[in-house]
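Common to both upcoming complexes is chain A, partnered first by chain B, then by chain C.
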Partner chain A sequence: MSLAPLPTRAPVSGRRGIIGAMLVLPAVSLALVVLVGGIGAAVLQSLGLMPLVGPVRLSFDAYSAQSSSLPESIAVSLGIATASTGIAAVVGLAAALVIVSGRWGGRIVAAIGAATVTVPHLVGAAAIGLLLADSGLLPRLLGIEPGGWPRLVGGPWWVAVIAEYSWKESAFVALVVAGTLATRVARYDETAALLGAGRLGRLRFVMIPLCLPALVVSSTIVFVYTLGSYEVAWLLGRTYPEPLPVMALRLFDSITLTARPEAAAVAVVTTAISLAAVGLAFLALRRTAMWR
Partner chain B sequence: MTSHLLLSDVSKQFSHDQAPALDAVTLDVAAGSCTAILGPSGSGKSTILRVMAGLDPVSSGQVFVDGVDVGGLAPERRGMGMVFQRPLLFPHLSVLDNVAFADRVAGTGRAAGRRNAERYLEMVQLGGYGRRSVRELSGGQEQRVAIARALAARPRVLLLDEPFSALDPELRADMHRLIDEIRAAISPTIVLVTHDRDEASAVADHIAVLHEGELLQHDTVDAIYNRPRSLRVSRLMGGLNEVPGEVIGGAHVSAMGAVPLDDARRTPDGRATLVVRQEALAVRATDDVHPALPGVTEFAGVVAGIRHLGPRRLLTIALAGGAVELSAELPPGQAVGVGSPVGVTLPRAVVSTVPD
Partner chain C sequence: MNRSNTTFTAEEYPALRSDHPCPRRRPGVAIAVAAATAMLALAGCSAPSPEAATSGFDSWDDVVDEAQGQTVQLWMYGGDEQGNAYVDDVLAPAVAEQGVTLERVPVSDTADALNRVLTELQAGRTDDGTVDLIWVNGANFSTGKQAGAWLCDWTGLLPNMEKTAADDPLLSDDFGTPVDGCEVPWHKAQFTLAYNADVVTDPPTTLQGVLDWARANPGRFTYPAPPDFTGSVFVREVLSSVSGGSDAVPLAYDDESFDELTPALYAELADLAPSLWREGDTYPASGDELNQLYADGQVDMTMTYGPATLTDLVATGVYPAGTRILTLDEGTVGNASFLGLPSNSESAAGAMVVANTTLSVEQQVAKADPEAWGQFTVLDYDTLTADEQRLFDALPESAVVPSYDVLSRSANPELSAEWVPPLDDGWRTDVLGAQ
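And now, the complex of A and B:
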């Protein structure tokens, strides 16, 4: 018997890889049909290749029609999505760590998180509006007159919109990250403690690195969702500048049928930004040690 | 890395309506020694290790390291290293950075920590594996890295919680040799939890037998096997022979006859059970039993059953017309069958008694 190092594990065989690919094929096929079909139709319509009326003609008119307001809309949308995602990631990560801590507080946070994700965004937006408006519940409870209350709803900083997204999406991030960590975090935490790592050391060197892939993935989903959904910004935001999805909806609902290609153009721009965000997220994900 | 560990009257109860997981356990582990805590599933083996490490608080009692009560200290401040059944290598770190983890969290520079880690990887025969991902290691290699990582933290006591139970027999034997080499190199104080008697005797110099939270005996490997303090210890150590009788004037008297006892191995006169390991009995095929020689007692018997244990056979031998049955392991080569007359020798040095 020898103490010489042993051979490493054999890689997964090609046959097993093929079986795995076959198992996910139905879901991937369906997703591709919807994705390619939806985006393809929007691209064709925005380029004048699938007009509702009139001749088929390749044109960028739909993109240039909103050129004056599009940059501001992109900036507002990116701002809302970035702020909401950042807050949701930080709050969600903290909540996930509380959930997996195994203490009684963790169960309460998990229950609150599970209840929060079931609330539709539209209902959440209405509730945030009733809470944060200048005539809402919060200023009344605090005894502040409407004139002395900041414009959180419909104001310049989109506070109510960001608050609604952050609240709902932090619960989503917390549950995703906690679900990833739940089965293994306690043992790794104990192992790190026995190697001399204090609470902060365990958080920095073990917990956060272990969380990172789940955090990046869930945050990317949050970013793309907040960038593309319209109802919260439509209910709680300003009328100008419009976030991209609100602009797309307005143009799509316009009585002028020629506005449809413009709505499609805005949707294509939104999709392009989302895809770029997803691409960047995957690049970041590949750089995490866990993914490697 | 070599500290004296003492558990004093330690009890652990997880809930009031359950029996205690540990019941007033006092265990003294000498600096530089290796003690195996042996017991069946649910005996409290892992709990005692978690209590030592500070992962679970004691319900009562104290844990001393080098005479200092460490009961109030968090695990990260106790200086205990621990290796679990699963290696639990951090998946986001390379092999080298796993081993350098303790230095890293202690504030040592990355380069210095890695240099130190290389030394410990060499110690577990994995020099040159540092840059690999932990996913590229086999089960045995992972456990070696886990041991190197624990040693690199320079623990005062190294706790091993069934670290080799998931490995195949060959790898396990490799790991036992590795522990021997580590002990020879740096003499750490080691407490090993296992349910495997062979592993306990292969690795440790002392064995503590735990049963339902109670420490039954803590002694040298030889004493635990050959001088058990109770029938429960004898049975937990795999002993098969128990002959009820009485100790009278330096001999155990039973239906089998009188068996002389060493002074150190006998109980006071009175009812007592004779215990002797099945491996310690000498059996020869003969119907001509020798008269008693000084220090040796031979009895005539008949083989009543044979069970194969790999190359060896376990004989059930009826003595005194079937009033007593003894089990004896027989090495290969002797031609005996069921019904064969045999002589069974009980060397005085391996016979002991426990009070009824």
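And now, the complex of A and C:
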């Protein structure tokens, strides 16, 4: 069975198009100033064109200064972001399917998801730390000595960091996916059921294709967010190797004035990886059935 | 690695001189810069003028007149409950009586406050900055001084400066950087180790003894990862210990001494790592995290620059009742901390009134009370009147923390601020990266 393509919207032309463009202009120009200004300043600083002290000189020193630890930092950041995004996507998708099922369980999951989204990441990180640390709430409740508890906080596998991101972001994914499903899922689902599709068949051929664009977009947001977020990795992570944002902020806050270009260089690298991830996600999005 | 890369002088870099409001740009990069004109307009001049700004006041009366109605933002480390309470409940009302409103802005790291000033200067905000006072010392002070972030030659205006000893080396030099009237002393501090006497029955008496104790008791000792302030000073203490005493390390930084002395330091710390908490696999990210480990009983020693706070922490049950100060035979480093006035402060006069108030006998006594904050005074006890001395004598004694006289016995001077970044960087590569 194949999905009927959505009716394509006719391109808007003429006066209405211009008016539409004018209406979004304030928002676009504001976003451009922030985006171009912020990223541009980071690029200029990283190239030595906006120094705090010393001469203005074009150089790539800031990029090579951290070359020994940068690959490891990139690997750790990508690992954390990939693991968090993967778990959040799977858990979020499952939660979204439960939410749109319309049963009472769905309402509970929706309420939990909505409550989770409102918790700031910093508070979430502190809560996870209190829960999972060696002398935290969980080992105390279970009566396990600090020595016998696995190294979740600050351990080699970044478990607490990934747990925090997965928990918070799966709620985000669930709400976004459930939101797009809610409007049209019942019609397609019932039609498929009437045509004799079983539960698994409906999941495979109706639900997941309907979810996919929203899932890809929300997962991309999660990936880019976790890649660039600082506080959770700093609070629950370990000293070495450092994720990219932790490294960037340490260098930015360094008492060495010349470290600021290095911080900007790390930020530019992070941004470049994020943009590449977004580019890949859009390529993937164009291949989904719903987009076509 | 370029180790002494923090040192810039106007001689080396003409662009640093203040007669260039914006640094000159090379023609080769002109196109790149022109392409970003809109952004540069946002950012203003690239580099702030490192020439120290001066106050421009002739007399103290002018300052007091100008200060009326001003609001002063004091940016300070916010992780110390007692310090916060002292500023909010004791200092702020005292300056309010003089017509100045004091607002405390908590920061997690003093570098955040300095960064705010540098960013404002970089953006061309040279006279309406949001930071009016910063609790500062050491490398943050010297970095700010290099970048021209401090107002200088203003401390002589303060009437209460006479109560401090002009020849006190702790007050005339800040980690080897001459103070030059760019900051006002606030209190003195002594780096101190503390231990749980219920567990450590035979405490070591030297720093080498502490390291040996750590090896004999695996997993019961650790230190915060530099560049955390406390972790950084611990590394400097170990440096003087492995070098054969604090006299063996020259206070002024030079590459030769660094190359000669630090291999032994990093070898010692890398060798110690497997005996530390979590086998040295990771370190507490801050002094607070180490204190938390100590409070939870995961380690048996902690360290602090503010030993006076220990009394209260034991009294409230946060720390074990057996907590005692570990005095070392060779002494530990002592320093003073200061209040710096950013050169772009909008309320400079108000900030001076606040700084002068902090140096009054009443405020220094109130601050020295262990139940309030317990910070050691910067005033010169001998020059005070008999009545004023009695106020200090009447302060309660602590069972946990000995008096400043005992703590600061054989106190060692801080290494110059130029030592700090290369030592911290070396620790990252040679100790952390060596695992």
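Some points to look at:
Please note the rule applied: the second predicted complex is superposed on the first by the 269 of 292 C-alpha atoms of A that agree within 3 Å, B and C clash if a C-alpha of one lies under 4 Å from a C-alpha of the other, contacts with A are read in each partner's own complex, and residues count from 1 in each chain.
Everything below uses one rule, namely that a residue touches a chain if its C-beta (ideal position, glycine included) is under 8 Å from a C-beta of that chain, and two chains touch if they have at least 3 such contacts.
Just so it is clear, the model here is predicted, and its values are computed rather than measured.
When the two structures are aligned on the shared chain, A:Leu210 is found in touch with chain B, with no touch to chain C.
In the overlay built on the shared chain, the residue A:Leu194 is in contact with chain B alone; chain C does not reach it.
Of the two partner chains, chain C is the only one touched by A:Ser135; chain B is not.
The larger set of touched chain A residues comes from C, when the choice is between chain B and chain C. Once the two complexes are overlaid on the shared chain, A:Thr288 sits against chain B while remaining clear of chain C. In the superposed pair of complexes, A:Gly143 makes contact with neither chain B nor chain C. When the two complexes are overlaid on their common chain A, residue A:Leu58 makes contact with chain C while staying clear of chain B. With both structures placed on the common chain, the touch criterion links A:Gly40 to chain C but leaves chain B unconnected. Of the two partner chains placed by the overlay, only chain C lies in contact with A:Ser254; chain B stays clear of it. By the touch criterion stated above, chain A contacts chain C in their complex at residues 33, 36-37, 40-41, 44, 47, 49-58, 68-69, 134-135, 146-147, 151, 154-156, 234-235, 238-240, 250, 252-258. Those residues of chain C that touch chain A in the shared complex are 5-6, 8, 13, 15-16, 23-26, 28-29, 32-33, 36, 38-39, 42-43, 46-48, 50, 109, 111-112, 114-115, 118, 122, 139-140, 143, 146-147, 219, 225, 227, 278, 281-283, 285, 296-298, 417, 420-421, 428-429, 432-433, 435. Within the complex, the chain B residues that touch chain A are 53, 55, 74-76, 80-82, 84, 86, 88, 90-93, 101-102, 104-106, 125-126, 129, 132-133, 135-138, 140-141, 149-150, 153, 170-171, 173-174, 177-178, 181.
Interface of chain A with chain B (complex): residues 1-9, 187-188, 190-198, 201, 205-206, 209-210, 212, 288-290, 292.
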